[in-house]
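As structure tokens, here come the structures.
Shared chain: chain A. Partners: chain B in the first complex, chain C in the second.
Take a look at the complex of A and B:
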């Protein structure tokens, strides 16, 4: 899976493209946890180019959230597509991962 | 690392190639064997030279060398052998009349002629006195023969004798031999003594030489000594002394170098010999028939005696006289077949006159050993044995080069160089290397096979363990249906179909008391053994929480969440991964149909009712268990009417895929469950849904566990009780 990467000040914006599922999940998780490195990282996951997230994908997001918390970093997702939003709703993930309407909203909230 | 150390390392690496050490040892052995040159090795070399001579014999060019043979025809016409020496004298006179440059006599005259008149007188007792006296007054036949020999430069034969006691016959005239260089005697072919003709005949000779031609150890005559050593004297062969007499020389010269014979010089001829004074005979092919030009070499004695051959044709020739009649000669084996001894002498003389010698250089042995070592090193180090099919090519080329090189030396220069033993040695080394390579490859192949087998065993064991884990996991779940055969007020059925890998789906149900049924479905994130363990832990957590907390399902779930979060945090710390469990957990009041539940990030169950479209329960819910350290799950409820059914499932159902990757989807679940006739039993609902999923997926591999749990509340039929809760 292709992952676009932009840096806005202290914030790293990662934009995965495609699906986060059984196949792409493990590698994506490794990448995310690596970005968190020693801790204190601020990472925003732009999901505008993700059409689908399977349970394995949710696993990645929850693991990233927990790791970020353990390392005193910040982690959020933004710009959920309709299907992804529905999956989030079923899983009640809003209780776990901060969700923003779009990247701009996240930047505003974190600045 | 020092250059020397580096070199040492490279040598060590080079020697680790399979077979190299063994092949080098074999090379040393082959070289040492060649140094000692035992008969089989020498014989191999000789046989190659024989092949060369057979392939390319000396071309016969008519030289003034003639054999006057007392052949079968002569014996038939002139009487049996031995002849009276007067008849032989007559033959010699005929030869002498032609004026040959020399006559070599391949006949020994050891005893007096029994047919001499005086001997005849003794053997015939009935003679008259006068006649006896007359006969005894006549000279012996030997006189006549000696007189005949005096008319032509004659070289008489000497025979080898094994009797060393008596000393050389005295008086014995011998040809003068000049020695040039060290004493050659220790190297020369040695005889204890000589046989010589009667002195009355020998008195007529101008030269004398040894007639013997002795074969090599394998019985083949290849080299004939030109000089031999007898009791301190050096004695020429009959051929050598014939050449001396023909050249009108008074001596022959033996030249030595480094204590070995280098050459023998007689007159204008320089004869190259081997270290022991032997000349390699370059043979012509045997005559093919009467028309063969070699027929000019042979003259029947009968024709000379009867005038059928003009002796003038013998002018200046080197003439050999001998007996060739069948039964009187012994045939000698030569590289070109059986020949008579007198033929061998003639071949030597022709070779000398035409200068067509065969020689073997003094340094031939050393050169051949160098070739053996070089070729051996090429075979051991320069041939690519990792590709055995290619390896044969350079070795075959090398063998061909060795043999063709030797052939070319023979053909172009008359030089005898051995190509056979270096070839044999190279091929032996090649077999050693090839064998060692094959053994090494075979060993590597066997090691690989053992390793593969081990891997297979490990894989089988892991699979067995996975299967065992799967069996244990499934054994944890209540799997016997009907689960409560004595209860008619509710009906519960469940199905779990694990994916290939060990997954993390679970369901559970138990009666808390007579009126309350606990139930749940869950899906542990992730797969494999960790998910299976998490699933087992989750199930036991709930069971113990139910036992402790009774009916407070919200507290049960909230506590389970905290506990799972702790386990998940431990896992995250230890393995950089975590687990969570989506779950729908509830308690059904069997008296009232009231379902109190918590939804932890799970798909909501469907409610199935006769005549109504299946719909999913609306609920607030909370995040998956373990996703958040602390969360107060809201207590929610739904009242079932009698006959209504709850149908729960995991995402293995909604995310089941067909071969094209399409999802089964929640909407499809609703469609199946809406079918008529209405589903009135939990088992029927479960079975119908599962069958539809299987139909949909059309054999595509199942990616996730599929779990379906159906719970139908029948109720007591007493609607009044509905308000009691």
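Take a look at the complex of A and C:
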């Protein structure tokens, strides 16, 4: 899976492209956790280019949120496509993973 | 309209399974949302089966997937030779749990139950037969 990367000040914006599922999930999780490194990282996941997420993908986001918390970092997702948003709602993932409407909203909240 | 696909219980079959569902939904003009739900459900089912359905190291089993449209609903039948497993009797996934309490498994099953309108299970001989129905609005 292709992952676009932009740095905006102290915030790393990662934009995965395509599907986060059983196939792409493990490598994506490895990348995310690596970016969290020694701690204190601020990572925003821009999901505007993700059209599909399975439970394997949701577990990656739960694991990333846990790791970020443990390392005193910040982690959130933004710009969910309607179908992905529906999966988030069904799974009540908003209870555990911070969600922003778009990248701009996240930047504003974190500045 | 009906279509059948027989695959091995192997994650390498996921692409073929997705293509099968996509093609059926396109031919039956079921629309993007139904296609998405069905794709997600078959993917969760196969993933679960591969993870828990067989003894470690056992050869891959045989899965038959049948799709048909009937009486204003699309019916998915998922039939496998894994160990007996009735998803309809599994405990409900705890959605209110905090981050720490979220179990690693169970989310896939929750998605299946939520996205489909009806899930029925039968053990027939040495096979699990799951029939899942989704109404077409």
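One rule holds for everything that comes next: the second predicted complex is superposed on the first by the 111 of 111 C-alpha atoms of A that agree within 3 Å, B and C clash if a C-alpha of one lies under 4 Å from a C-alpha of the other, contacts with A are read in each partner's own complex, and residues count from 1 in each chain.
Rule of thumb we're sticking to: contacts are C-beta pairs under 8 Å (C-beta built on N, C-alpha and C of every residue); 3 or more make two chains touch, one makes a residue touch a chain.
The shown structure was predicted, so the numbers you read here are calculated from the model rather than taken from an experiment.
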Chain B versus chain C as contact partner of A:68, first or second or both or neither: neither
Which of chain B and chain C A:83 touches, first, second, both or neither: second
Touched partner set for A:24, first chain B, second chain C, both or neither: neither
First (chain B), second (chain C), both or neither touched by A:56: both
Partner chain in contact with A:42 - chain B first, chain C second, else both or neither: neither
Contacts of A:33 with chain B and chain C, given as first, second, both or neither: first
Set intersection of chain A contacts, chain C complex versus chain B complex: 22, 54-56, 58-59, 62, 65-66, 90-92, 95-96
Footprint of chain C on chain A - complex, ascending: 21-23, 52, 54-56, 58-59, 62, 65-66, 69, 83, 87, 90-92, 95-96
Of all residues in chain B, those that touch chain A in their complex: 523, 525-526, 568-569, 572-573, 576-578, 580, 582, 599-604, 621-624, 627-628, 631, 651, 655, 703-704
Chain A to chain B touching residues, read off their complex: 22, 29, 33, 54-56, 58-59, 62-63, 65-67, 70, 90-93, 95-96
Contact set on chain C toward chain A in their complex: 11, 14, 32-33, 36, 39-40, 43-44, 47, 95-96, 98-100, 102, 104, 107-108, 110-111, 114-115
